[in-house]
Structures are given as structure tokens and as C-alpha cells.
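Both of the next two complexes hold chain A, though its partner changes from chain B to chain C.
After this line comes the complex of A and B, so read on.
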């Protein structure tokens, strides 16, 4: 009996490394695949706008272009009201997507922690300043302090001089001993990251400060300087920009809306990248922060499994799936080792919890200072009583901060997953009646 | 607290009001809340303090309650976002304007400040309304508020008189004055007040209550877009009919500059998910009245459950056939408005005082007979039970 399901519809959310691999793998295995991404370009945060694109990115993006995978760019998921259905916004209109199986490859965002002055203009994320630089932000002659935590600090700091910026200091909050362990752990991973790190270490040996973190950003209307602290000193560095982020937090909103079990901040998946929600798979950063290599390995497994796993969980898994997935499973195992090293190497130091003053803003959408959270017992309590996380970003920034500062897991994701015009939701029901099958009837190659 | 005089189950605005009033009478009150303060229908609802005149008992209760709100408004914390914006009932055509005229005369005869608005007055008051409307009725002393901080404020007052509030405590069963908690503990008090909204049904099976689901949506900030709580006069028909599903134009300006968009009613639903067919209808209805709304962004949508009784009046008083158990639930869509009156009436009855208004229409004993209860539930609503 064939294990191909030519009619199986698979929707992949997110066109970064995990989503691209999932979509292509599922397509190669015979499924009809729709790949959606909120941005107008595929590649995800990591590959988008890269000049020149990395070889692996160029290869995957090229394969996507040449494949019959339907790529919906600028398509935002709004809600997941029932199994098998997603409501999306595409070109400003509501669009219903139906699926037999869904792969979540929603990536991660930077973690921001509040300290005095963190809301000043020109205080940006680390990935954030890189994206802006790629997008044309003029950094020529600008002084950019890079601070926070994680390997991204080094690779971004190494890239900023290409845009004409000076990097007076890179402040990594993790201790030198942790970083040494990280560097040693890297021997286990073939890939780009060690090269970037070695480059950064070579280029900027004197400017890299371990066990150092920002305590205050200065300036009235915009940033003028930042004060850094290490174990034995505190000093102030003049700068035009502060690029600061403390690692990554996964984008779990859609997974939570779908009812996937989340443990210790990550989506729980089995060996085939299946979540606890029926027919929902997950790959990449939402299952554990591990970078592009891990995302690609998991994406390939998720795509194959979504296409080839039998409907009945008790039916045997085909040899075809086992043999196709084998190399990806092996690669995934190596990447998981790296992810563990990563997690152990950049633990957030407890002193960071003491950075915000009582009047420091925690929720910038609703202007909630830390002191307003006094007496609250949970995220939901603070939301109801103090407006924490009630604003435009729906807690995407302050949720990770209060989780670290106060130990409150964020609760109750509500649709729409990102703000949409009233007209769109007003037309959503009609869109369904008119177009119950959003997939094109005829597709190349089928 | 080892031996409370009274245990209130539910720290929504109704339970908080009961606790506040009972503690004012010197009772040692323990409040138990399954989640956090003000998190059920109190958080889900609109926070519209409104006098309604659908029937005499509803009018008496809402007018009395609004009076209590007005008396304490100056003491409310800023987070309560109390805004005395009034309610503007919008008349789409001459028939609805006639209804507004009758309503206006009634309100005035009862001493409630109200004005009939011509079409011209209407557009002066709310320029964003669509052209072609007939006029409206402005009820001046209605207001909007953000209820969860009000519940917290009421409980703070109760705490200052010795009450204790425990959150994250679920009651598993209620046997007379004894409560069995999910964690296995037992609690006892001479008086147990069940103020758990639609969840009261779980504690006292057979209560004449049905969850009636509602959807709401809130926009990004658009200060000055509208100035009053705007409600279509057709709301009276849809809110108080017994159709399985209904929507009405109901838009509220929040103190933050956001707009809260309602309203919908659904029987026979128990899941919290968004029902997009209904949400679309509700939003389209709002756009029909306020075309400019179409371009604002929606930040969040959610649902909540009103506890609806067959006659749309709450249950305030001793539970039939249950010693020591009192009810403060069944407020349908008017729980925020009537919360303060509910607490006062309940405390008056407990203390043997004569309440400020006749409490008989709200006495749970009116549904004493199971036969009566069955026959008075609207037919459509029966679907829920089958």
C-alpha cells in the first residue's frame, strides 16, 4: 500500500529555515503545501535581506521559487477557531486556510529586559539593528554599543562595521567561564556559527566584555550614552545606538491558541515533531532555541512526518518515512546537543532582575511602571488590575520581561494574533462562505 | 481565618460587593475565588452602568444600583476608569424614535434625567454616526467603568474590616454550610453566598441558570471617536428576546481612547472560542452605524458567559431547599450595573433589614417548583439541555 497522500493539505506557518525545510520536505513527499509568512519575503528573521544570502539560504529559497509550493507572502495568521482551520489576513482581506496537517515554524523574537532608559529612541534590539541596517538605516560613523546576551551579539557586532558603524564595546552578561564552556561545546557543531564567533573574537578582542551588562541608558529625547556594569566597575560609554537583547523567546502565540502543551516555555513535541494538539507539528525555535541548523533539521522531520505519518496513530510508520527522515534525525540530534550547550552557556544573571527602578516602564504599550505591579499575584491579575500587556503588542515584549523579573508565565492568548482592521474581521464570515477552499484548483506539477 | 461568619464564593464584582456589604455589618467574611479577583464575567463584560426599563423589576433594580454607583463614584480608584458619559440610545427610524419618545417620558416621570434627541442633535453629539438616522435618547447619568479594579477596591474595603480573600481556591462541592475544596480541605460557615456567575450552576445543579455567551472586541486607541455609550434601540428587542443568537450595535468609549465593541448573545454554547460568523455579524452591525470604525484596528477579541435566568432577573436571596446557602447570581448582562445593589439587598436581608427596594422579584424562591422552572424557560433555550 502506498503511503503517499496526494490529497493531503499541509499548511506551514513561517518561512524561515524551519518552515522552508518543512514545506519543501512535505512537498517532496507528495503533499499539497501552502507556506505562509507575515513578511513579504521568505527567509525568516535570520535570512531575510541577507546580502549576499548564505549558500544554504539561497538554495532553499531557490527551491521554493521553483517548486509548486504555494507561498503566501504578507499573510498573517489571525485565529485558529477550530481544528483544521486558520483565519488569516492576506492583502488586507480575510482568508480561510484549511489543512489536514499544520506545521508551526513561527520562530522567535528577542528578549528585552527593562532597565532605566531602555525605552529611549535609538535603544534597539540586536537582531533589530541588523534588520534596520539591512533595510537602509544609515549607520556610517555611528557609535553602536552592543549589549545583552547570546551568540547573536558577536555576529551582529562583527557585521556592523560593514555598514560603517563603530562598536566601542560588546557587553555580554554571561560570565567568561560560561563562554569558554560554550566555545568548547561548539566543537560538536559543524556550521556557520563557530566561524562567526571566531571572526568576532579575532576582530574585537579588546572590546568584548564578559560578565558586563547595561544598567542605564542616558538621554532626554534620544540616547546619548549607556552605563555598563561589571563585577568590579561601572562606566559610561557615549553612543548613538544601543543594540541590546537578552537572547530569544519563542513565538508561541499560535501554538497556545491551538492548545499545544507548552512546558518550561517551549512547545512539547515527540520524535516526529508532533505537538500534543492533533495534526499540529512544530519545528524550530518554538521547540527550543537552537538556531537555523536545528530549525532546518526539525523542519525537514516535521514536513516529512506531516506528509507521511498515517492518520491512525496505531498504524505502523512506513519504511519510506524512516529512511527519508534518518539523515535529518541524525542532524537534529547533533543540533539538540548544541541547543543544550547554548542554554547552559548564557544563563541570565539574577542581578538583571534588580535593574529596573520602581518607576521604570515595564509595559511600554500601556506605560506600566514596575511599581504598579506590586501586590499583583500573576500575569492575569496584573493584566486585569494594572493593564499590563493590554496594548498593541499584546504582551510580546513585557511578557518575557515579567516572566524573568517576577516569575509569571504569560497566560490567555487571544485572537487576533496581531492587530487587524475591524473591516477584516467583519468580512471574515463572508469570506468563508464564498471561498471554502482557498487552495487553487489547478497547480503546476499536479 | 478559622471560623468565618460568612463565606462568599466568587470574587467577581457581585461577590466583592456582597463581601463588602456583609463586612460592613460586622460579619467576618472569607472570600474564595477560583482564579483571580474580577476575572470571570466581571473582566469579560462591558462595564456599562445603565438604567434599563424592560420591566418594572429591572428598572427598580438598575435605578437603585446606579444611585449606589453615583454615591461612591468619587471614591473609586483611577484604575476603575469611571466615565459618566451617559447612554445614547440611537433610533434608526421613526418607529424607533417613537419608542425613544415613550422611553424618555417614562424615565423623566421616574426622575431619571433623559433627553430626546432630534437627528440634528444626534449628529452634533456623535458626528461619526452614519447619515440617515432618526434621532435618539440620551440618558445622562449612565456611566462606563472598568470593572476588575472595582471588584479589587470593594474587596480592599472588606479586607480593611477583617475580611480575607483567597484566590486560586476552587470549591468542589457545597453541602449545606460546608464547602469541600478541590485540594481536599473543608470549610464551614453559618452563611454561604454563591456568587460564582454562570459557574454557580456547577455548585448547585438545577439552578435556573444558563450560560449565555457574548463576544466583545476592543480597538486600538482612537480618542474622541465617540463620546457616549452608543446602543441601538433595537438592542432592547435582541437582548431580551430568546433567539438562539442575536447581535446589536453597542459601542463604548474607554478612558484609554479605545473603543469596546459589542454585543452578541448566544445560548447553547459552552466553549470560549471565537465564533467568527457571529463576530462578523456583530462587527458589521457596528460598522453599519459607525462606518469609520471599519478602518480602526482590533487588538483583542474575547468571549464571556452571562448567567441568564428564564425571566432575566437575578437570583438574590436564600437558595430554596438549602439551609445556610444564599444566592447572588443570574445577573445576565447587567451584573456590573446591579452588583452594588445586589450586595446591599443581600446584606439587608441577612441582617433582617428592609431593603431599599422590594426584593421579592429577585428572590430565588420564585423558581421554587421544578415544574414552573421548566415551563418558563423559553423554548429555544431548551436546546442547551438536550
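After this line comes the complex of A and C, so read on.
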């Protein structure tokens, strides 16, 4: 089974397609694996509460249940106090996780762009409404306008009727010519996604509007309607929900905290999914937006490499690792081709920068309107002067928005990565000060 | 999946499907403004996946819980900020059922 490292401890952060594959591959290769996720269930956003679960999701989740991989749900990483150690919040308590090697499979979040009314209750993400539907929300008889950009619009619009919703319109901001290019590029993608998208396309042809985007959400205490624009035409659609997001941005906070090199918005990795930080691997959306197939291929490579690559970078890579990784490396190459097509197919149109009015909220946590950002020179400047990104989400929403609107890259990730109770930080500080007991609760229940 | 459980949203009993998140329970209770922003704008869930923090509420007495990441359990007591703020404005936080 194992080459050399029967007791190597591996922590995998994120239990979506990349993390599940990484955890199972590393376990199969002989490592002791701990898999953590902030959600109450494994599967990531894509496989959460599947309706019904896809075959591959059911197989991986079943393998996780039957394996000795330790799965910690409801577990959020808040700090990396020293090499080989993470501090997490688990059910409200501090938890230290020690690792020889770490695999980051932190996934992506949706890119939200401000427009008048986007902060109203019942305006939410495309993945956002899907998550609520999978979380038990009954959408029977509800009208849901789906808007924004990317292939998720079609797959979510196709799934919403399963929860009882009507979808009066799907507004994709990309032009028809870009979408045709994307459709042609689907032939590079292995697996079922092309079929699913083509099915969605066939189901929704009359309601699908290319080169169309929301300009205003209406309502007082909640959403009542949305105005859409296509070229020089504007019209208003009554709806109960607006599901709107403009593609994905990777969750890079932990990678940045660990010092991984990030280039053009993505974590730099080598052929074995190793980042530039020692013993830190990365797989899935943080290395490039490419969907579940790419994430699974990269996750398998990362898990095998984390378990089997020798400590000494000059030692030869074992034949066992080469042969086990080969099919995943081939699949990864095909997926990277698709990721490139994806990236070129949904460019954000510049008109979207003109949607927010001076008084439109940009930073939702701190209620910073666009006009307050005038005169600021950078993310950091606006943070210090105007409290941009200083609230609960710590710039996870407005960071991507201001990057698009104003060209400001986000800077300076600092612990804690998520808001935590002060008592947790105090407990962490006390434990850190106690050198005689450096790993007070490394593996709970053991 | 078809079994339902009872939770309390701002003291009112609500039936939700087993496996529902607390965020869903709040919506099922007919509350879509979960909280108020610093300037008083109504807000509800945005991302549904523990990123945006817009869905936070008090669960079983613990404030600032991301309701989209918490599964309901029978008898769970969920209190939204808007209900608490309304009760507070009337000078009686206990009325909201949000303080024990």
C-alpha cells in the first residue's frame, strides 16, 4: 500500500470534489488523513444535499463514510500559528490540527457585483439560492429570475423547477458569440457536465437571454421585481427571488496566509499540485476555475503526492506514485483545456461597471456606498479611510466587486480568517504560550 | 427526508423538513429580513455558503451564527436580529423570546 510514509499526517481543508478526492487518495496511499469543512455535510457546494446525488458524488461520499478518514464538519480554519499547525474553530471551540502535509481544497465563492437594490432581502447568489433549495427551502410557486454570468446559471435554472420554482427569464451578460464559443469548447470536457448544460439549454430556450443583465432590483423591505437591460431595451419582471452572480472567485485566504504564491488571482502549483509554501498542496478552484472534474483530477494528484512524495525534493519520485497518478494527470490536462475555454467565454462586459449609482452600497457589512470610495487610491486606503471590507465578511464579497469596479487588488490577509469569539482567541493565545503542551487537542475523540 | 421537525423562530414554532438549515427555517417562518445593516437596511441571505455573513442570527442563545451552515435540530431556538432590535426598541428584549 504505502511506499515509505505509513504514518504521515495529512490535513485536507475543504470537503468538495477536490478535497474528497485528495483525502481518499492520500488515505489509500497510506497516510493518516483529517478532512475538515465549514459546512455541516461533506460534498462542497456542488454536491451538497444532491437531489438526487450524482453517481460520482454518492460513490465518493460513501467511500468517505466507510473509510477511517477523520471528517470534521462545522470546522473553520482561522489561523496558521506556525508551520505544520492550523488553528480551527470547531463547534465553537478552538481546535489545533497538526500536519506533515496540508492540502488546500478551499473552493470558490460567487462574484457579486453591486447594482441598485442588490442588498434587498431575496436577492441572492445563483449558487446561493441553490444552496438554500438544497437546504430545504420550498420554492413552490415562487418566481425566480436567474441572472449574471457563467454555466452555473443554466444548471441552476434547470434545477429550480425541481423545487417548484418558475424561472421567467435567465439573463446571461455574455454575448451570444461568446456563448457559441463556449458551447463548442464543451467537447473538451470529460464527464456529464456538457450533457447537463445542453439539457438545460434545451429546457429553457425561450427564456434564455444573452447579452442581458440586471440594472435594478425593486422593493422596499424585500425584492418585488427586477429591471433587466439588453442593448438599448429595458424591461421589468415581477419576481420573488433574484438569483444573481457573475462567475466565481477562488477562496484564497488560507493560501495567502500560508504564504503561497498567487499569480493573476490563482494559487501557483507545480505538476504535483505543490504550492510555493513548503508541504502545502492545492487543488480545485483556487488553482483556476474549472469545475468539479478538474477539481477531482487535481485533488487525486494532490492527495497522492502529499502522501507519497519524498521529504527530500532531490530524491527520486517513486514508480508507484507515477503509475497511480498517471490517469489523474491525463484527466487533469483535458480539464485544464476546458478551464481555458471557460475563462475566455464569459468576459464581464464593461457596462457592468456603470451599474452602481453613487449611493449604491458596495461594502454590505459596513454600508460603504460607491461615492465614499471616491478619492481612495487602493483597497488598503479605502479600508483605512472608509471601512471598506472591515466588516464580518472581511472583504470576501466587496473585494471581488471593487477589483472589478475600480481595479483594486485585495491586500493583506490577516488572522483570524473568520470572525471568532474572543474567548477562542484567548484560549489559542494561552495554549500558544504554554510550550509544554503545544498540541492540546490535535485529534478530538482520540 | 420527508420527516419534519419543529424549531422556534423568534419564539414561534415552525415545521421544517429534517435536514433543513437554520436559514431555511427563518425563511419558512416568513422572515426574509434576517438583520439590519449598520445604517438600518434590511438584509437576508446572499451566498448561502458561509461567506457573506448576511444570514447571521442567534441560535440557542449564541449570537452571530451563520444560519446557512447550521442544520436544524428539534427544538432549536433561532432569533433574528430584526426581531431582537424591534423588541429592544420597545424596551423589552424578553418579549422577542430571544433572551432567556
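Basically, the second predicted complex is superposed on the first by the 424 of 446 C-alpha atoms of A that agree within 3 Å, B and C clash if a C-alpha of one lies under 4 Å from a C-alpha of the other, contacts with A are read in each partner's own complex, and residues count from 1 in each chain.
By our rule, a residue touches a chain if its C-beta (ideal position, glycine included) is under 8 Å from a C-beta of that chain, and two chains touch if they have at least 3 such contacts.
Predicted model, so just to flag it, every value in this text is computed and none were measured.
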Who does A:350 touch here: chain B (first), chain C (second), both, or neither? neither
So, A:378: does it touch chain B (first), chain C (second), both, or neither? first
What is the contact status of A:38 with respect to chain B (first) and chain C (second): first, second, both, or neither? second
Of the two partner chains, chain B (first) and chain C (second), which one does A:316 touch, if any: first, second, both, or neither? neither
Comparison of chain B and chain C by chain A residues contacted: C
Applying the touch criterion given at the start, work out whether A:391 contacts chain B, chain C, both or neither, answering first, second, both or neither. both
Scan A:419 for contacts with chain B and chain C and give back first, second, both or neither. both
Classify the contacts of A:141 with the two partner chains as first (chain B alone), second (chain C alone), both, or neither. neither
Now for A:82: first (chain B), second (chain C), both, or neither, which partner does it touch? first
Examine A:429 and indicate which partner it touches, taking first as chain B and second as chain C; both and neither are also allowed. first
Counting contacts the way the document defines them, which residues of chain A are shared by the two interfaces, the one with chain B and the one with chain C? 391-392, 419
Mind listing the chain C positions that touch chain A in their complex? 16-17, 19-21, 23-24, 27-28, 32-34, 37-39, 41-54, 56, 62, 64, 68-71
Across the complex, what residues on chain B touch chain A? 35-39, 43, 79, 148-149, 152, 167-168, 217, 219-220, 256, 261, 273-281, 283-284, 286-287, 293-302
Taking the complex as given, what residues does chain A use to touch chain C? 38-40, 45, 49, 74, 76, 92, 109-110, 112, 119-125, 127-132, 135-138, 221-222, 251, 361, 364-367, 391-393, 396-397, 419
Note: in the complex, chain A contacts chain B through residues 79, 81-82, 87, 377-378, 380-381, 384-387, 390-392, 394, 414-416, 419-423, 425-430, 432
